[in-house]
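Several structures are given next for inspection.
First chain A sits with chain B, and in the next complex the same chain sits with chain C.
Presenting the complex of A and B:
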């Protein structure tokens, strides 16, 4: 008869386990289904009025960064590291591309000037590029290899160390 | 004469409007868009669908859904597109396969188990009430009742 009394607590065990699994999972660390897939192509109108397409970068590793001038403090912390990485690795063929999402042209330009951005940056009207890359928020960074495949995705501000590690990994890929 | 002129002008407007424009803003497309957007999670909100969220991101996602619907894409095609970019997380109801089947199936398993439990309990109660087999009584109790009744009868005399 004792086992019958245990039945109710025992029935709760799987429920508690399921809840524990759910609560310990970080809802923001959703793995991107795009990793190891070809990056979606896009056309980006740059702040200087010219335009580039991602396809034209084939053969070069690309760091694609999504930012916004209203994204404080994360994007402000990350911006100088991006510019520094671009200056450090451009001679080795690295390309850095910035996409400002849900931003106005004036604020985006002000942000780019504040951090002396010398790599190409443009706006994403209608968030088409962001949605195509499954961007949840800013900053988010995609590391695209020479063959145009997404090698990795980083959510949140990149530290200089993390950025350097990702770029080295990207340069080592065929 | 002027009225006829206006009428002709209206007719000309209706004929001159590009057909794609008509299709893009038709109530049918709007209804399909709302239907599909209601199945997508607004990725910058907490527990809101793309159809219900007032955020810019959701507005732009609705625009994209509308565009794809106007292109003639079906519900599943549009949902698949968003899932291929954001992962299954973007779908408000998980797809019916693999581990997810547990979410879809468990409530029904629970319902059947509960119904069985109620049935078993009801059966036990009715059997007890009909009293087919009264449980055997300890002879010690019967003799005690008999003795006490006798004592009462004697006390009254």
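Presenting the complex of A and C:
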């Protein structure tokens, strides 16, 4: 009889375990339905005034990074890694594109200067590009292969290792 | 200075709380009243200390003392005084301190009120309440420090999120917290009853008012939150089934079930275990909700923290569940009640059914809330559960509840005779059928809407017939005038009539929810100045688009001339607010609030040169009935909890 009584409080165990499991998951990392689909094309007006379109990068693997100057600390953490990756892999045909979302031109420019960005960066007025890519928060990074298909999506700040791994994967794709 | 002192006060309060727990338990064990008295004094000292801590933090907020990290994060020099004060519950650390202060306040009230009464229960009650306080103080001393220092001291703070710099911020969180904390008192008495084995109706009668008031505050908090969201956020809704909203709804559901099921125990000595389970569940759900808001394990628009706090709250929740369930198991032999249902057609079975439905809704909401976790744990898939799921399940259950609300208060206890049924229900039923048929004949074809309409008329009908018959009887037997008779009835049976008024409020709310969600319409259009858009019978003409500077932000407003069927109704000016510290603009909603329908307009976008503005307009029919229903509920609860003055003193025991 006594051991049966023990069963009553034990009923709480699964609930507590399930909730504890929540600590190991990130509700923000949602798989993108866009993965393995062609990336939506866009025109991006760069901070220097010129413009590029994603289509013009066909044939090159592209790292498309969404950032914002107000996104502290995550965007500040990954910014140097992006610039470093661009310098390391540009000779092998990699393109890096930065899109500042919901940002003012002045603070976006300041951010780009702070991290000596040499890869093309531009603003996304009206959040048109980020809506097309289903960006939920910043930073988010899309890895687009030579054929213009989205190979992977990363949510949150990229560590140098993760960024490197993704780029290698991208370069290996046809 | 403030930092050191504040930290010291919190440690001291923690020490005093631990002493209060020890003294209370020792007093209970040895039966020595002096130890219990000493514990009571420690409870009061603990309250004084926490009050001091909260005053220190407020002092720092008001003085803009940016040597405290919390002040930097939650106020600026230019903030208005009331928002400096509200900074106290602007984020995690301060809100925990506020919670703990309310908890300390309630414990102090209990210690004062039951100074001489209930000597067996009191020490356990105090120990439990102080145990909860000890947990909150522990969190504030080991994990999140409200008095943490900021080095170097900045010149100005970051300020509250602009969305929170509104008067609503002064009301909604306080109501909700008071409601949450309020349930700790009936919980503590219930657990004390289990520990001492005093399992009669004693704890129920003591805590009845505490429970109803906590329920009212929680209800008020939920309603106020919906109203706030509707008026300011610009999406035209009031409830989104967000995990944190659900977290406030679940204890409300179990609390509502509890308020009803205690009546069966008071009357029939049944459902002892059930009532204990309900109150334990209610308080556990309160802590569960706090855990959700502060752990960041589910995506929510309201969540405001993650980190070690989540783990601490989960630990506390686990302790709470094991403690409550363990006690129930320990007393299980003595709990299984003697009473049984005499008949399925009776008030107790109606109440029981009401409980089943409420718990059903609660379970559904719980499942929907944690389902993303469950799916990821078991199947490894990411998913989110949205409004369609919750609406689909809650509509039929809500209808069942509505129907029971008509049946419950009027059906006889024990075994309802055919005569009782005929007397109370035939007329309201006919009225409801007639009204529904009429509505159908007038073109109402929406099946769920017809069902809501039928149930609503039925409930209102039962209440009206009940009041009319009772008043008429008094007029006949006592010779009073109808109004005097009605007044005496209301004041003589406050609990009953207060409850019926609450039911009327719920009906109004449900009608508001149903009509506004079924018949709302929305239209978005980009207009050049001078152009018009139409929504329903309204025409909105863009008169001008202006930008102006306000003390804290830049406000862009579109002024719209509104007319209905060609008749001018004045102007509406929706806008967008731009704050220097915030990157995205905030909507500034404007609306024409009316009983029949609200016209709700938002400025979604505009061209900087003033050449065009995109206007989103919504018609929300009868949405204001929701808020009116909330006010009626408030009125009903006030009627129900005011002390009854009966000559025969028959209900004096119901006074806690």
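We adopt the following convention: the second predicted complex is superposed on the first by the 148 of 174 C-alpha atoms of A that agree within 3 Å, B and C clash if a C-alpha of one lies under 4 Å from a C-alpha of the other, contacts with A are read in each partner's own complex, and residues count from 1 in each chain.
The rule we apply is simple: contacts are C-beta pairs under 8 Å (C-beta built on N, C-alpha and C of every residue); 3 or more make two chains touch, one makes a residue touch a chain.
Note that this is a predicted model, so its numbers are computed, not measured.
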Touching partner for A:33 - first (chain B), second (chain C), both, neither: first
First (chain B), second (chain C), both or neither touched by A:6: second
Contacts of A:88 with chain B and chain C, given as first, second, both or neither: neither
Touching partner for A:16 - first (chain B), second (chain C), both, neither: second
Partner chain in contact with A:102 - chain B first, chain C second, else both or neither: both
Partner contacting more residues of chain A (chain B vs chain C): C
Chain B versus chain C as contact partner of A:134, first or second or both or neither: first
Touched partner set for A:126, first chain B, second chain C, both or neither: both
Chain A residues contacted in one complex by chain B, in the other by chain C: 30-31, 102, 126
For the chain A and chain B complex, residues of the former touching the latter: 30-34, 102, 126-128, 130-134, 136-137
Residues on chain A engaged by chain C in the complex (per definition of touch): 5-9, 11-12, 15-16, 18-23, 25, 27-31, 68, 70, 102-104, 126
Touch list for chain C against partner chain A, complex: 288, 291, 295-299, 310-311, 314, 317-318, 321-322, 325-326, 328-330, 332, 370, 372-374, 376-377, 382, 582-584, 605
Touching residues (chain side chain B, partner chain A) in the complex: 43-44, 56-57, 60-61, 63-64, 83-87, 89
